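In what follows, structures are represented as structure tokens.
Across the two complexes that follow, subunit A remains constant while its partner is subunit B and subsequently subunit C.
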Partner chain A sequence: MLKTIIEKEIRDIIGSTKFAVTFGICAVLILLSFYVGANNYLVSRARYEAAKAENLRQFAGLTDWLSVRQHRIFLPPQPLGVLVTGISNDIGRTMQITGRGELTAEDSRFNEDPLFAIFRFLDLDFLFGIVLSLLAMVFGYDVISGEKERGTLRLALANAVPRHTYILGRFCGNFIALAVPLIAAMLLGCLLLPVFGIALTGGEWLRLGLILVAGLLYFGVFLTLAIFVSALTHRSSSSFLVVLVVWILAVMIIPRVAVLLAGRAVDVPPLDEIDAQKAAFNGQLWREHREQVAGFKPTADDDPEKLMGEFHRFMGDLADERDKKMQEFAGRLNEDRHNRCRVQQRIAFTLARVSPAAQLTMAVSALAGTALELKDHYQQQALAYQEQYARFMKEKTGINTGGQMMILRIRQGEDEEPKPIDPGELPVFEFRPLGLGHSLGAAIVDLGLLALGNVVFFAGAFITFGRYDVR
Partner chain B sequence: MVTTLIIKELMAIIRSPKFAGAFAVCAILMLLSVYVGINEYQASVRQFETAGRLTAQRVQQQTDWFGVTNRVHRAPNPLQIFASGLSYDIGRFSEINVEEGVKLRHSVYADDPLFAVFRIVDFTFIVQIILSLFAILFTYDAVCGEREDGTLRLVLANAVPRAHFIFAKCAGSWLGLVVPICVPIVLSMLLVVVAGVPLSGPEWAKLLTLIGASLLFFTFFIVVGVMISTLARRTAVSFLLSLVAWIAFVLVIPRAGVLAAGQLVSVPSVAEIEGRRDGFAKARWVEFQRQMAERWDERTADADSTLEMDGEQVWGWMEEDQRARTEIERGIDEFEGKLIADLRRSREVQERLGLSLSRFSPAAAYQLAAMSLAGTGLELKSRHEDAFNEYRDGFKQFVEKKQEEYGLPNVVEVSITSEGSFNIQTSREGPGLDFGELPQFDAPHTTYAAALTPAITDLGLLAFYTIVAFAGAFVRFIRYDVR
Partner chain C sequence: MNEWMTTNDAPLLEAVNLSKRYEDGVLAVDGLSFTVQPGQIFAMLGGNGAGKTTTINLFLNFLEPSSGDARIKGIVTHREPLQAKKHVAYVSENVMLYSNFTAVQNLDFFARLGGCDKYGKTDYREVLLRVGLPESVHHKRLKGFSKGMRQKCGIAIAMLKNAPAILLDEPTAGLDPQAGHDFIKLLATLRDEGKAILMSTHDIFRAKEVADVIGIMDRGRLIMQRDAADLAGQDLEHLYLQHMAGHNSAPENS
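And now, the complex of A and B:
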């Protein structure tokens, strides 16, 4: 009987205008998001390579590694990042590497190109989060109340059809009827990626598969929710209105209010205050060290190279000492702020997780590597690269060239023109995205909540329908 | 008869079970969005004032006219309560000094990306998403619903011209939906007054025009709903078509237009531009150092070391070198200015194309009109960059004058000759830094006319789309089979 009900439901849906329209919208939008995402990735990649090339080109012709300044690293675009943008367009992508000191990322995509911030991107999070959930509601809102209005519900139940079988069959039929075209559209979209020359690794394909699973679970949540509401009401217009209100609350309001409440609940010191404290401390350190530099007395003999080397070592030691003090001071401030931010985030996400839309956003952005931790992860990798850069520069010049005092080497009386440096020798920054295990660990709670949402709402529909007046 | 039909339509909407729920949701969301917007604005004002105070303290602590840096912040805009636009995406301040060009840094979302995960819900968001949905919810069955109920032919069995009927449908729906929604709108504005948010006369004018644009947008979707109900014979089909239209107009076309422009017009990144600028700067500095080395070779040709030379003469040479440095900095500044101007031009081409394509959607036209009126649109960045650049010009003149009076930077000059002599000299102390005459930054203000001008196109488009939708409904209904 269950199989019959499912088949009947699928046949009804496939033959309906509703299905044609919904499938059409899903297919077009999914393919469009993959197409736009792929193009966007290629454009972003080209810009990234151009920025890297320009960064190295500025060092062409220099003959002294001491003159290498304003070296920059960039956050590369990730293939999945264009399919689920997360916060990747909001955070800075460029960092200036000096060899020591704090790093600040600048030039977020939206700050640089505010045109794209007006309407944002057409990504899978947006598609699943808003469009798919709306379509799930359109499918589910009149499953029970609509059938009652048409008089077919009592006819169906006049047969020996257990109510639990009926409701399960209706849900499965609706789910399969939409899930299959959705999966088909996603698979077609995935095929576009290699056509555009975008090669995903095995791990990335797995992530994309899990993003699809999250989308299906999310669709299921809204479908079961709509069926649940349909079983609570006796008129389809009422059930649609209730479902719409719940949709507005869940998709639009709850996630944002959660963040605002967390913002009020946890006092995080503004960055301006932290920066001002750091700047004041830095200024004080510079003044102290300037006096020490002025009082430097070399011990080496008349050999200019030895004199230079001794002076550089002295400057390097001063800079290291300054750096250490600054790191301790800034570290305390940063850690305090960071801890408060983490508390704020935890509160925001805990409150937001009431909403399936927030669960979806957090799951898919974690899987795509564009969740909130992207900023810290980039920062950590940039700091590790800075250490590598400092070691390289120390090898080439004898000192860590970081710090604001310009060291000039004026060569006098040389017969040969010094050879230009090879900027290609500079260590290359390779950004490593968060591992699959880590992303999965971050997403598993939200995937679980989405699955739980399916179960809870279906249980609600099940219980409510058990007592539904079908007359 | 038209009046009767309008009243009938009006009462049908008001008495509908959907109305109370929908109105309550819209009203609560609208008031909530404005309440949240007021709180966010007040927090921005506090942050702005704190930042200004800290910057002033930091400036006062500087001890060398060479390297003096100020910082100017974007002032919060009260109209961002209603249309936040790009306020949180664009950098909040720029460093102002002689060496670096203006660059807006540290947007709210970049500093605190938590708030970027689920973006702010403002008044225009509620209008775009919620009001438009509700407009469709009430009007998708305006005509086909009456046909299904059998009342359409009964009405038209009377001497009711079809033109009057369709006009009455639109007018009645409009009265039934727009007039009640004015209540939470007025309450929202009262909330702004009660919260003590300072709005000047021009700002009130902009706000009222923004409200007018919102009602026009709402009207468009009411009329579109009626039009779609004349295209279908069944309410189920009409509902689906309305939903598709809503998804296309509100969600897809605006984004697709901008993304298409991104593909068609290529704009170099800021990182690339900065790389080019730094490459140019490095080449100039390398040349400067070579020339400086040659100059010092000539200057010290007859002496074993600078220690043996006249101190005043040496300081004079150092001042000459400093003037040459200033010239180099000016040249780099000009080059950077050209690069930025080129970048802006290509970006403007991309923006013009993107926004033109997006404007096929009334939602995009509304969003752009709202942002223009609120001053939170694309011009937010360029307006502030221009104002900051203007301030920087005045700041540079002031600082360069002080640098001339001061003499030389507080640097430590180290010289090591090939003969092995080593000398460290610190610059002489100049007069103490007096920032009393430091130019103050005047935040840019847009007059009502300046804000309205870019919005006129979008308001005109909204009106045009509404008229076209009504014309479509009219033409379709004239030939509609009422049986």
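And now, the complex of A and C:
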């Protein structure tokens, strides 16, 4: 009986013009998404490699490691990041490494291509979030009320068909008829990646698979929701209207309102204000140290090299002291802001999670490694790299080269030409994306909520249909 | 011989003091009692709101009765609806079916839903020809079918179920005279095969033409029930209007 209903549903959907049109559009968009994503990845990868090479090239010909300034590291593009962009295009990708102090990421993708900031990318999050949910709504809104209007519901239930079997069959039929072609389009899109020369690791394929699962769960939520609404109404026009309003609320309104409310609930000081406080404190530290610099008296004033060494150590000690005080002060400010941000984010996420669209975005961006924590993760890795860089530079120069410094060169006679440094010796920054376990842990709540949404809405449809007036 | 004719002489369709009062207080069916035997057509006549469709809905368990029972082959429909529905086929006023499907595909789906998955292409072809649908349309989508053609598909579905009882809700409404005539002929054939048929209709002439028992309903009550043979030579329309006008307020039973 169930099989009969499922088969009929699949045949009915696949044979309809509505399916041909909507599936055609979806398939093209999915393939386009993979194509554009793959192209973007290749372009971003080329830019990343060029920027890295340029960074090293600027040091070519230098003969003193003390002259190495403006060393930069770059956030490499991730293959999944172009399929689910998350915040990867919004955060800065370049950081200047000095050896000490705070790091600031600059040059976001949108800074380079502002047009994309307006219309955003055609990524899987967009496709699933908007297109799949609409597809589910378009096919689900008249599953019950439409059948009632057409009179086929009476005819079907005049047979010995249990209602729970009927609605389960309708749901399964709709889900299979719509999901299988979409999965096929996704798999075809996946084939484009190796064609473009993008090799995903096993972990990345697994992540992509989980992203697809999240998309299907999300699709299921809207399908069951539409069937539920359809079982609550007796006219397909009414259910379409209700479903449309719910869709607008869930996809467009709730996530934005959640962010607004969280912003109102927790006051986070703007970065400019924090920077101004840091700058003021830094100025105060410099004023305090300026007098000490003026009173510097070398013990070995007859040997220029020893003098310079003593001066560098003196300045280094002052810089270390300033750095320590600055770190303490900035740390307090940063921690306070960070804590406020975390509370604000928690409120925003909790409120937004009412919406399946927000659940999907959070799940897929976590799985793709482009969720909000990418920014902190990059920052932490950059700070760790800065420590490594500082150790390297101290090894090469004997001092910590971070911050401002004065270099005095004293040439004695016509010595042999100093040898150029080898920039290839600089420690390499290797960005390590968040592990699969971590990403899955971050996504599991939202995946669970999406699964729960399926269960709740289907249960609603199931119970409502049990009492549905088929007359 | 069909198996339901061999079992016993119990009525296949039976209303026992059947009543239905809606939530808004309207008494749609009021103490209805009648039986339909195998090989008998019972025509329920009555105006709009007389309770004919409500009665059919009670037999199909689309509604729960307020009191009394609707029984199919002795099974109380609101107690064992799935069991009861195994023994009844239904044809609605507007047979819509699935317009994306061909006639054969519609037949196949509803036959399987009715529990018959043994039918093949030949069976579908035969039944469609029997209800008067030419072979040229068997594999055409129902989108282009007229109401009469859809109605024929509906009766074909009912025939395929091979149920001993058939419920028909205004089956000739909107049919042209030829289609109406063909339909009545088909009903007579089914009756001759031993089916018990309960038909609600406005169509006095078709009712008189084919029915074995005619009941007139008004405000949920069966105000007249006669064998068609008793009405031979009588002006049924006049009788109907007389009853509806309240000239004969007490229900009669033959």
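Going forward, the second predicted complex is superposed on the first by the 462 of 471 C-alpha atoms of A that agree within 3 Å, B and C clash if a C-alpha of one lies under 4 Å from a C-alpha of the other, contacts with A are read in each partner's own complex, and residues count from 1 in each chain.
Operating definition for what follows: a residue touches a chain if its C-beta (ideal position, glycine included) is under 8 Å from a C-beta of that chain, and two chains touch if they have at least 3 such contacts.
Note that the coordinates shown come from a computational prediction; the quantities given were computed from them, not determined experimentally.
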>> On the A-aligned overlay, A:L372 touches which partner chain: subunit B = first, subunit C = second, or both, or neither?
In response: first
>> Quick check for you: in the superposed arrangement, does A:V354 touch first (subunit B), second (subunit C), both or neither?
In response: neither
> Touching A:L2, do we find subunit B (first), subunit C (second), both, or neither?
Replying inline: neither
>> Is A:V470 touching anything from subunit B or subunit C once the two structures are fitted on A? First, second, both or neither.
In response: second
>> Looking at A:L200, would you say it contacts subunit B, subunit C, both, or neither? Reply first, second, both or neither.
In response: neither
>> Contact-wise, after the overlay, does A:V213 reach subunit B, subunit C, both or neither (first, second, both, neither)?
In response: neither
>> Contact-wise, after the overlay, does A:R150 reach subunit B, subunit C, both or neither (first, second, both, neither)?
In response: second
>> With both complexes superposed on chain A, which partner does A:L192 reach: first (subunit B), second (subunit C), both or neither?
In response: neither
> Which partner does A:P304 reach: the first (subunit B), the second (subunit C), both, or neither?
Replying inline: first
> So which positions on subunit A get touched by both subunit B and subunit C?
Replying inline: none
> Which of the residues in subunit A end up touching subunit C in this complex?
Replying inline: 1, 4-5, 8, 11-12, 15-16, 150-152, 154-162, 469-471
>> Can you tell me which positions in subunit C touch subunit A when the two form their complex?
In response: 53, 57, 60, 62-63, 82-83, 85-86, 88-90, 92, 94-98, 100-101, 105, 109-110, 112-115, 117, 154, 157, 161, 167
> For the complex, which residues does subunit B have touching subunit A?
Replying inline: 17-18, 21-22, 25, 29, 32, 36, 39-40, 47, 50-51, 54-55, 57-58, 61-63, 85-86, 89-91, 103-107, 109-121, 125, 129-130, 133, 137, 236-237, 239-241, 243-244, 247, 251-252, 254-259, 261-263, 266-272, 274-276, 278-279, 282-283, 285-286, 289, 292-293, 296-297, 347, 350-351, 354-355, 358, 364, 367-368, 371, 377-378, 380-381, 410, 412, 414, 416-422, 424, 426
>> Quick check: in the complex, which residue numbers of subunit A touch subunit B?
In response: 17-18, 21, 25, 29, 32, 36, 39-40, 43, 47-48, 50-51, 53-55, 57-63, 67, 69-70, 72, 74, 86-87, 90-94, 105-108, 110-122, 126, 130-131, 134, 138, 237-238, 240-242, 244-245, 248, 252-253, 255-260, 262-264, 268, 270-273, 275-276, 279-280, 283, 287, 290, 293-294, 296, 298, 301-304, 307-308, 311, 341, 344-345, 348, 352, 358, 361-362, 365, 372, 375, 405, 408, 410-413
